[in-house]
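Here come two complexes built around subunit A, the first alongside subunit B, the second alongside subunit C.
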Partner chain A sequence: MARRALMTSRHPVRWFGVAFILLWSLIPLYWVVNVSFQTDAEVGSKPAHYLPPHPTLANYKALLSGAGDIPDQVRQGTFNIVVECTVSTVITVVVATLAAYAFARMTFRGRDLLFYGVLATMALPAYATLIPLYRLMSTAGLVNTYTGIILVYVSGFLPLATWIMHNYMVSLPVALEEAASVDGASRMQVLTRIVLPLAMPGVVSTAIITFLFAWGQFLFPLVLSSDISTQPLTVVITALQGRHEVPYALLSAAGVLAITVPAAIAVALNRYVVNGLLAGSVK
Partner chain B sequence: MALPRLMTIPAAALGVVGLLAACGGNGSDSKTPTAGPTTGVTISVVLATDPPPQAALDAFTKQTGITVKWTNVDWDSLQTKITAAVTAKTYFADATDVDWSRVGQLSKLNAFYPMDELMDTKSLEADMPQLTSFTAGGHVVGVPYDASFSVTTVNKKMFTEAGVALPKTLDEYTAALKTLKSKGTVQYPLNIPFAAAEGLSTYWYQTTAAFGGTVLDDKYKPAFTDPASPGYKAAAWMVDAMKQGLVPPGNINVTDTQGQQTLMAKGQVASVFSDYSGMVGSLYNVPKSSTVVNQVAYLPTPGVTGPGKNNSNPDGIGVPRTAKYAQAAALFIKWFTDADNQADFAGLSGPDKAMPGYALPSHVSAVQKLADKGSLIGGKDLATMLQTSSQPIFPGGAPSWYPQFSQAVYTNLHSAATGSVTVEQALKKIGDTADQLSASGS
Partner chain C sequence: MTAGAVAARRRRPDLLPYLLVAPLALVIVGLAVVPAVYSLVQAFFRVQPLDPPTRFNGFDNFRSLAHNSAVLGSLGNTIAYTVIGMALTTVLGIGMALALQQRFRGRSIVIAVLILPWALPGVVEGIVWSGIWDANVGLFNSALTSFHLVDQYQVFLGSNRWLTILLIEIVQVWQITPLSALLVLAALQNIPDELYEASALDGCSAWSRFVRITLPLARPGIAVAMVQALILTLNVFDQPYVLNGAAETGASLTMQTYFISFQNLDFGAGYALSLLITLATLLLSWVVVRLVYRKVEF
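Right, the complex of A and B next:
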């Protein structure tokens, strides 16, 4: 009885738990935003300011407007991250959709072995592949190129994307595809005209998840890019700190800028992300 | 899920190099440098600092025919990139950073050309005392391009207000801090960065030097487990300072840079026992980031009976084995670390020839010139300390297992400061770790 009461949405313990988790998650974000509107002097003053005493956009202006190294680098880093994330997302979704369809609907020798082999690569710690990939990219002349970074992203994200798409496709009724085949549709026609429209929520989920993961990358682009021509925003931001001095206000503003896009996507398209991660978990 | 692990710690990559070095892995062929073209080539120089003025680089190009492509990468990221390139045996740059703490690792991996094979390093020894920090296995792995060393800083205004003379010994220093506190001049007079990070390790090394010793002996055996040893006394002194309320309680989670920026530069403490040379000019006297402008000065390190030693922790520059133009890179390094050029980079000939953020040349003669001209804050003190009292943290160069050792140092000293272990227990654990690493890495 007590347990049932606890599970009800109005139980105070439940509310306390929700409030605790929310505060635990949001206070650091709030603090970053708060600091981003302060000067360095205000950031370092004691006691700390829980609200900006004299809110200023100076840090954002320093990052975004005018000429100079910092705004140039932030602009280039933003352009780079958009290019790298968008292209790798498109390639990943296209390849994952084709692979998932083959694994879900086609019968061929070694299909299950291949499918679970692809999934098994997700268990491999990604950083274990960093050095071999770096050497491979260096030999191929792909270090410090968009192509190199995008290839690495695609290879990293493809297993999860294939899995999500596969789960979507197996949950679709086969009868529709069989009917289309009886009417003379080819495999590709079945895929593009029947399966894809039905699996569109899965495609969107996969694209969003891939994009968000790509946006948050740091170590791989750090190693695979040599200069600002390919460094994404996440790497550019770390370069703003000096060895013996950390510009907290400027870094906070850069952090806010960097999370704006993924935060907007996560908030606006949250249901797609959840659907994608839950795909196939419930029949 | 595997994908989020793409974001995992760069330390994992650093560990790979540590492991390889500890296992005696040979990262590259021991080829001797080929002559290679030295004119008409473009070399890639990657350092964690802004470049010299373009006019100076142009003059170098005119003089040698070598064009320099300079890339500034933040220090932590640069170490990750160097590690990845060394491990993958891949071209990364023609000249790049060699940090003092990684000399042993990089030497054992044979990842960099011995600089003594590429240029005359013997002639540098007399004027560049910190060159010894870059020597391992009888070879010079990199040439120091700055002269960073640990140094004590004090807020002279606070000391004067409390009527305390500037101390010359550790006892006087400790008594002075207690007086500053008891008179209410400042609630917590001393900054010790007790966060479990590298800054805590270097602070302990410097305090040990002030007590008259080193943490490891010349055979890399722990020299701090005996309560009468300088290393033991240093750790006990640091933890006691915390217990006696001389250090802000929040410093348990404060790193070295945080302490300098938010405590010393804001007048929240009166002294940093193990600060970095150059901090007065680059931070404490900068009005934008400091409230103690013209109040902070360098203090000859208070030792047991008089001025103690100052540990060197400079950055050097070397040539990776995978460099495309090793000889050209060596010519650049010779130019970049030239005494006259360093003096110009530090501002001797005005801002047009100065290199942003470059504070202290590695040549004593260059520091002397700056001090004589008054172009360097605290220049005379710094020149004296550089010439007479700076010493390498490890006399035989940093061991190849230094990163693991440092991690043991800062985690255990942090635990001692929190009170979860005693100083004796902490030092025993550090000593056991050093013994294990020394045995496996030999």
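Right, the complex of A and C next:
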């Protein structure tokens, strides 16, 4: 009785909380989309138009197919961010999965030292190594290259990815793997045929979280990319925002382009995002 | 396995685990451990690429920071960002988690919407929110005017230091609260229903249930949430950089590290400041864990 009453209570405070979550998350996003569908003259109106009076795709057309300096940079920045995020995600997930398998299922000398050493680097703030990494990349001639940015991303995201994959693999039952190895499967076969298929949800979570982190980067690529050939969209848009002649409606459309991919991933695959975040944080 | 095979195994060390962890070890040692140690050492050196030579200079870098008024101003700003950010993130995170504690139809959709701001790039969120705080085209000004709360549009960012910091930090709170809410929610879901049932039978009010059961038992989740909020707010960069530029009304310590290193090209002082921020982050994280974390077993 008490349980039913408790679990189905339609507490007005609770619904106020749910309404707050929805409004808090969505109003700013609604606003940038709203502005991106207006002309620059409409954006200047006081008070503002809460709906686009004459919805237009002109800003998006200008960015995606228009000619000129700004659209070129936005398109190049979009290409760069996709390349940098995709490649660093693939490398991070592969390296983390191999290492996590060894940490979770094998005993070897130095295992704990290495495992906890890798995890300990997560306690350092991300920017602690900004200057030395810049100077290292500069010495190695990797400033303003995809390789430099991708290496830095991989080194930054590997500890968390290894931790999530390790926690996932430890939670899998060992019995199947033992049965396979009794049947004569090698350890790499056990990994590829048994462990990986079972660990697939963990792999997906790790990949999504790594990709989202990479997509959000700003200061590292700001320092490591000196020009548009490797600057990701985040750096390009921020530079546009600093140039005051760029119209706000156009800037908003560029902002919407930059959030479309991560927003779609977060909404469509939210279960994996939530599981990955919790696997990576709690323990 | 025969005795001979076992003996053969003993003689030949098992290389496979080392091969599997080698790429990870290489990347972490080369691109995290070595740079961190290098940075620690260089903080005590004079490093100015445009004005060599590089030489040991003891605590000179730290002394120059202590006399740098921009750094001192940013120290105050960063303390304000951290205090405001941790307070808002913790309160909002617990509130949002409570709203989601019980299952209801559509809860997974609400959770998907909740994590949306976490998934987006901080600098783009800065641009999104500049559309809200802006002095000429901002939603906030427009709403205040529509409700006749102000006669004309106001300049919010950059005029008053503490207001500027509050408004910028709200943008960061928007980004990092979803993770706090999720962490607290996960802790709430471990609390057995029986405890709530028993308290309902005993006639506890909702408030005393919250204070006596929910809050103490959610402490592990709240502690992790507060540590992540601490690390992110103490190292805030994207939001003040986009919304307020280099202006002293809002520049953070991490921004000063960037300006000192990459605009003044005084790498030594940059290393020193980044070392201090790192030490402060580690020390304060430890304090938060000591104060808030309690092991909870059911």
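Assume the second predicted complex is superposed on the first by the 263 of 283 C-alpha atoms of A that agree within 3 Å, B and C clash if a C-alpha of one lies under 4 Å from a C-alpha of the other, contacts with A are read in each partner's own complex, and residues count from 1 in each chain.
Throughout what follows, contacts are C-beta pairs under 8 Å (C-beta built on N, C-alpha and C of every residue); 3 or more make two chains touch, one makes a residue touch a chain.
Remember, it's a predicted structure, so these values are computed and weren't measured experimentally.
Chemist: Given the superposition on subunit A, are subunit B and subunit C in a clash or a fit?
Modeler: After superposition on subunit A, subunit B vs subunit C: clash.
Chemist: Using the superposition described at the top, determine whether subunit B or subunit C touches more residues of subunit A.
Modeler: More residues of subunit A are touched by C.
Chemist: For A:Leu160, select first, second, both or neither according to whether it touches subunit B, subunit C, the two together, or no partner.
Modeler: It touches subunit B, and subunit C stays clear.
Chemist: Looking at A:Pro125 after the superposition, I want to know if it touches subunit B, subunit C, both of them or none. Which is it: first, second, both, neither?
Modeler: both
Chemist: What is the contact status of A:Asp227 with respect to subunit B (first) and subunit C (second): first, second, both, or neither?
Modeler: A:Asp227 sits against subunit B, while subunit C stays out of touch.
Chemist: In the superposed arrangement, does A:His54 touch subunit B (first), subunit C (second), both or neither?
Modeler: Touch partners of A:His54: none, neither subunit B nor subunit C.
Chemist: Return first, second, both or neither, reflecting whether A:Pro262 touches subunit B, subunit C, both chains, or no partner chain.
Modeler: Once the two structures are laid over each other on A, A:Pro262 reaches subunit C alone.
Chemist: On subunit A, what residues does subunit B touch that subunit C touches as well?
Modeler: Looking at subunit A, the two contact sets intersect at 44, 46, 121, 123-127, 130-132, 134-135, 156, 159, 216-219, 223, 238, 241-242.
Chemist: Going by the contact rule at the top, pick out the subunit A residues touching subunit B in the complex.
Modeler: Against subunit B, the touching part of subunit A is residues 40-41, 44-46, 121-127, 130-132, 134-135, 138, 143, 156-157, 159-160, 213, 216-220, 222-223, 226-227, 235, 238-246.
Chemist: Enumerate the contact residues on subunit B facing subunit A in the complex.
Modeler: It comes out as residues 1-10, 12-13, 16, 44, 46, 48, 71-77, 80-81, 84-85, 87-92, 257-258, 260-262, 265-266, 268, 276, 279, 282-283, 288-289, 291, 357.
Chemist: Help me check something: in the complex, which residues belonging to subunit A touch subunit C?
Modeler: 2-3, 5-7, 9, 11, 14, 16-18, 20-22, 24-29, 31-32, 35, 43-44, 46-48, 50, 95-96, 98-99, 101-103, 106-108, 111, 114, 117-118, 121, 123-136, 151-152, 154-156, 158-159, 162, 187-188, 212, 215-219, 223, 234, 237-238, 241-242, 248, 251-252, 255, 258-259, 262-263, 265-267, 270-271, 273-274, 277-278, 281-282
Chemist: Any idea which subunit C residues touch subunit A in the complex?
Modeler: 14, 16-18, 20-21, 23-25, 27-28, 30-36, 38-39, 42, 95-96, 98-100, 102-103, 108, 110-132, 134, 136-139, 141-143, 145-146, 153, 174, 178-179, 181-183, 186-187, 193, 196-197, 200-201, 206, 220-221, 224, 228, 231, 234-235, 237-238, 241-242, 245, 254, 257-258, 261-262, 267, 270-271, 274-275, 277-278, 281-282, 285
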